[in-house]
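The structure appears below as structure tokens.
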């Protein structure tokens, strides 16, 4: 979070620079079943972000030491393509992508019925092809759809959403400029049916009251995206072409 | 087989929770004893040791002179590293940094960085050319639970007592690294179905998800992180956030008391 | 056991070959459908997507400003990377670049570089000090056979539609990356004892050696590569070279049609 | 390939700068059985290039996943010694050496009777001690002799040779200057008895006709080197000292 | 060893800059049982050096290929904390720490009764928290105490000591300045009861006679430190707090 | 099982030792034949090959121009690398440098460096800006025992015949790298309970600890290293030190004889 204050992000009419209201999210487009070689897959465009997810498995977990007797482990790789950002990213994992992969895997393990697949592994590959703030959330959404597309049973579809703070005001779904010059970011992975949170990070500065409002915005957006996810899965099941 | 034992432990912890008890007899929001020492390591420009029950960690601060980032020509920088080395527990293996150690370092780093307590402009030596880089390293020597809070406490204490070694680098006189506030982390883990503060090793093994909250002087949130498998409700978060407010204030006072 | 299945597949492919048929019904020199899109990725300065049957790849071009090599002070440079990441197929594992991905990147790179289509002198900003470095990255998302041709086609299309972001780097106005020609790769694999064009996944599993030919606008060879186990005769090479001449011309036209 | 054109590589008398005719190769010297610790080995000097190859095995292939049920795998490491080039090379594999190792291994797997050793591995170590253009070909020649010296059965001895183009003329066996300032390079691994090609790379610019001429030169040279290889193996078998 | 000669390290009264006599060692303080999570541990302060050692095992040796049929292997990691030196050290092994780890492990394998634990592994972790010359010796001392604290049987306690040469004079136990500007360093691992040497390195310049005197100093110091080690173990056994 | 064979070998070696014999018939302090050649590699600025029995090693010296260390602005530097690559023996595996290869490189390096034979000041080009960096690489091609002495001998011979390629770097005329002395390493291994010089492969497999001694022209010690499991007494060291004095003098003469 920059919090510079020398860039004004809210217009005089209370709208944001791209014309959105404070509680309005960017446009979201979702396709299920995008990658023929994968067992389940999804393509999500969220604003200018593009994320693709592929699912392989359940398969035998190896090396043996990662096996769990009583459940499947989920192996997530969150990866930004070298050309996905303004400055090219060197291929290979970095500390940021390893941390996101870890907490995303733990979030997905909280919603997938992992007890059904003891000693096995489910591979979830998240590839960010274009990044414009909020990629970890877009990746979570894509991963959920890909898991459902692969027929893996889940308690609920997990939806990735974020709110933040710009010019001291809580807003939903920060874009690139808002992320660079805003004062807080609160990404969440929300289970819309149960109302629970499976993914939670935050940085910047939020009072407890601001946190509550940002959470409220996140839940609202999660329900909207949830509808799109379900529709994409329906379209895919009915043979909608990609 | 190794996974069966945790299962028995989970049952035991659930039973204890149903009686509002904990594995080591503490109350739900109680901490183990926390002993903080500062300025204890030759060669570190800031250092602190935290003993939290049987958990022992060190934090050390070093400085060097670096080129600033081109988009922030007048700002110094902070780099935080954490090592979960094999010294700290039988379970840790040598090798490249594990996801666990990366998470630890990044969560501690964000709590400090995002509170804005470091005046990065004050770390500029020559704009566009030379700035101070603060290098904070966390070193866990004995892991018996809740290394996050132990490390975060050692980190802020080491930072708040650090001296910038300008003379050694021939760029003026040594000066104290000034921090404008004291962000403090408190971590809560779901054990036996409910959240407890400062989980010990057994509670970690038999517990579920973990929430790390870093609060600033005014009680604002500066960093949140959920780790491990499990979900929480907004109401549960509200409960632990209230607890964190009190405990952070206590720890902040302890940190201040160790500043010379 | 995993190696027994290919053995059966090899028999089946040999039988099909004896009847001049292919696994998916195509003629020996036929391609699967190839769909090319360009300029499709925010943040890439040039981009293309190729869908070749069930194979999907992306290519992206980025630029940065670098120091020239001391022996070529007035020339920019090209760097090509290829990733066969686990997203693309169950068979790919995470880890450092495999020999397969290195070969892919280097063969695509050589075809473009050795054709001389990039005017490296035009990428000089300040002689001896600053030049443009072109960074071409190939990203395979779904591998169902013949990723070499899919990547090479995406690569040249992304390059030919790329814009050098000079404004962002404060070195003048943006300008189109000019390519003086359009090198095209065609790959042939021995399947059932004879060469076929554009092998699908099953043909790759049950096939032998693979020949990658990159031809320039005038039909000259700019790059050759034999991969995998197997040998060929000079006469066989002459046969596929003639086929490649025709197919490269078709693909060249397709690439040109996607330039705005 | 540089193709600069500002360096003249052919003299007025049609000879090359070192006095060779266009279809004349550099001097080649070969010894078999050079390294006592190896099961088979060879030393090849080709122009100023020096390559050494050692063979170990057949041995059990491990890790298990590289095993093939029906044949041996050949594990080639092509490595340039740090002091083998004008600028010191950092030890350890780089992208170039990994690619050369891969295609060299595949070429050798095409000539060795690998079906005789199911589930096993043959290690081939190629060390370039001095490099003066054409090292991958010299390495292939050395590896073949080392394999034969180790008693590994082969369909044919594989010979590494290259032709190229300088000043617009096709020539055999480029030296360093010709490689730097020439217009094309066509390295091949040739089986002289069967007339087949097991190794093939090329870069630069060749018309189909030029390709044919370069190939013709390569076959001619392959036969010449083949004689030297056979002689080296004979000398070694008859106890010729090293 | 610098051996510059432009820094005077001996005072006119024959004492060293910190007032020590030539055969006087720095102050040493030892605690056994310092780390609750380890099976054996020690903390050693030697001058301004601080080293901590932890012992885990004996445990099964894996991977299998490191196993020895007839004895345990000792796996030592000597590591300098990033903040232990004047310039921060990048985390991770470097060539120096790998070499010290190797020869330290071999020294400890010479004193531990490794034959009692066939096919097993004993992990010894040495962490240098503050470095002021002589850390490898301090690490050896700490490792010995930690092994004893873990109840691992040994022929003798191994003591790490060093002598060196400054201003042409042999002295015991170099400090930082003496190490930087002296002419030789002779670190040893000594078994005080048997009078044998299990660890030996040296660099700089020593005549054979100087070597003998430095060795004599080392043995003297080893006996002194040996007493402190035994006392620390007694204190720990009798429940002395840390 | 693989560990049983050494056990039998150890018994055999102990028996031989009790009769004052060695595995290959040599006397206790005898060396195998040592053949030294210098200036044998195109592209190396200094090179040497040592054949010691069936052990074969090469050493090569290269130079480049680097910035001096800030605390030694007028001094060049030496960097020594050693590779125990899979070419040299069935037992060596590919991968990052092993502890064995690191030890080899560092022990050879220390012997040369600590003798003070290199005038680092003579390697200064422009004080504080440019100095020569000497890069010595050891390459073991056939390991049949005692690669330390083979490498150390090749190293000093390559160094003493090296020419600094100043012309290629445009910093004056080529000049010989001047070494003021000739440090020589001799290695002793405990075999069958007593020390022998120049252990062969079988003696290494069935032997114990190994002592590496580097002596300068005046017989002073410049580097010592004990490797492998085993202990020694001060008296034993005195015995091998005396032997080393004689052998080092012989080898020094051999090295000098190969200087053009």
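To keep things simple, chains are lettered A, B, C, D, E and F as they appear, and every chain counts its residues starting from 1.
We take it that a contact is a pair of C-beta atoms (placed from the backbone, for glycine too) under 8 Å apart; a residue touches a chain by one contact, two chains touch by 3 or more.
A quick note: this is a predicted structure, and the numbers were derived from the prediction, not measured.
Novice: Going by the touch criterion stated earlier, list every chain that contacts subunit A and also contacts subunit D.
Specialist: Expected: C.
Novice: In the touch network of chains, how many steps separate subunit C from subunit D on the shortest route?
Specialist: Shortest path length, in steps: 1.
Novice: Where centres are the averaged C-alpha coordinates, which chain has the largest centre distance to subunit C?
Specialist: Chain centre farthest from subunit C's centre: E.
Novice: Averaging each chain's C-alpha atoms to get its centre, pick out the one most distant from subunit F.
Specialist: Result for the farthest chain: A.
Novice: How many angstrom lie between the CA centroids of subunit B and subunit C, rounded to a whole number?
Specialist: 48
Novice: Where the centres are mean C-alpha positions, what is the separation of subunit B from subunit E, in Å?
Specialist: A distance of 32 Å separates the two centres.
Novice: Please compute the C-alpha centroid of subunit B, do the same for subunit D, then give the distance between them in whole Å.
Specialist: 57
Novice: Of all the residues in subunit B, which ones touch at least 2 other chains?
Specialist: Answer for subunit B, listing residues that touch two or more other chains: 97.
Novice: May I ask you to sort the chain touch graph into line, ring, star, complete or other?
Specialist: ring
Novice: Circling the ring from subunit A via subunit B, which chains come up in turn?
Specialist: So the chains, read around the ring from subunit A toward subunit B, go A, B, E, F, D, C.
Novice: Where on subunit B is subunit A touching in the complex?
Specialist: 1, 3-4, 7, 97, 99-100, 102-103, 105-106, 110, 113-116, 209, 211, 216, 218-234, 237, 241
Novice: Looking at the complex, which residues from subunit B come into contact with subunit E?
Specialist: For this pair, the touching residues of subunit B are 41-44, 47, 54-56, 58, 60-62, 64, 81, 83, 85-90, 94, 96-97, 135, 137, 139, 141-144, 168.
Novice: Residues of subunit D touching subunit F in their complex?
Specialist: 35-39, 48-50, 52, 54, 56, 59, 77, 79, 81-88, 91-92, 123, 125, 127, 129-132
Novice: Quick one: in the complex, what on subunit D touches subunit C?
Specialist: 1, 3, 68-70, 95-96, 98-99, 101-103, 106-107, 109-111, 186, 191, 194-208, 211, 215
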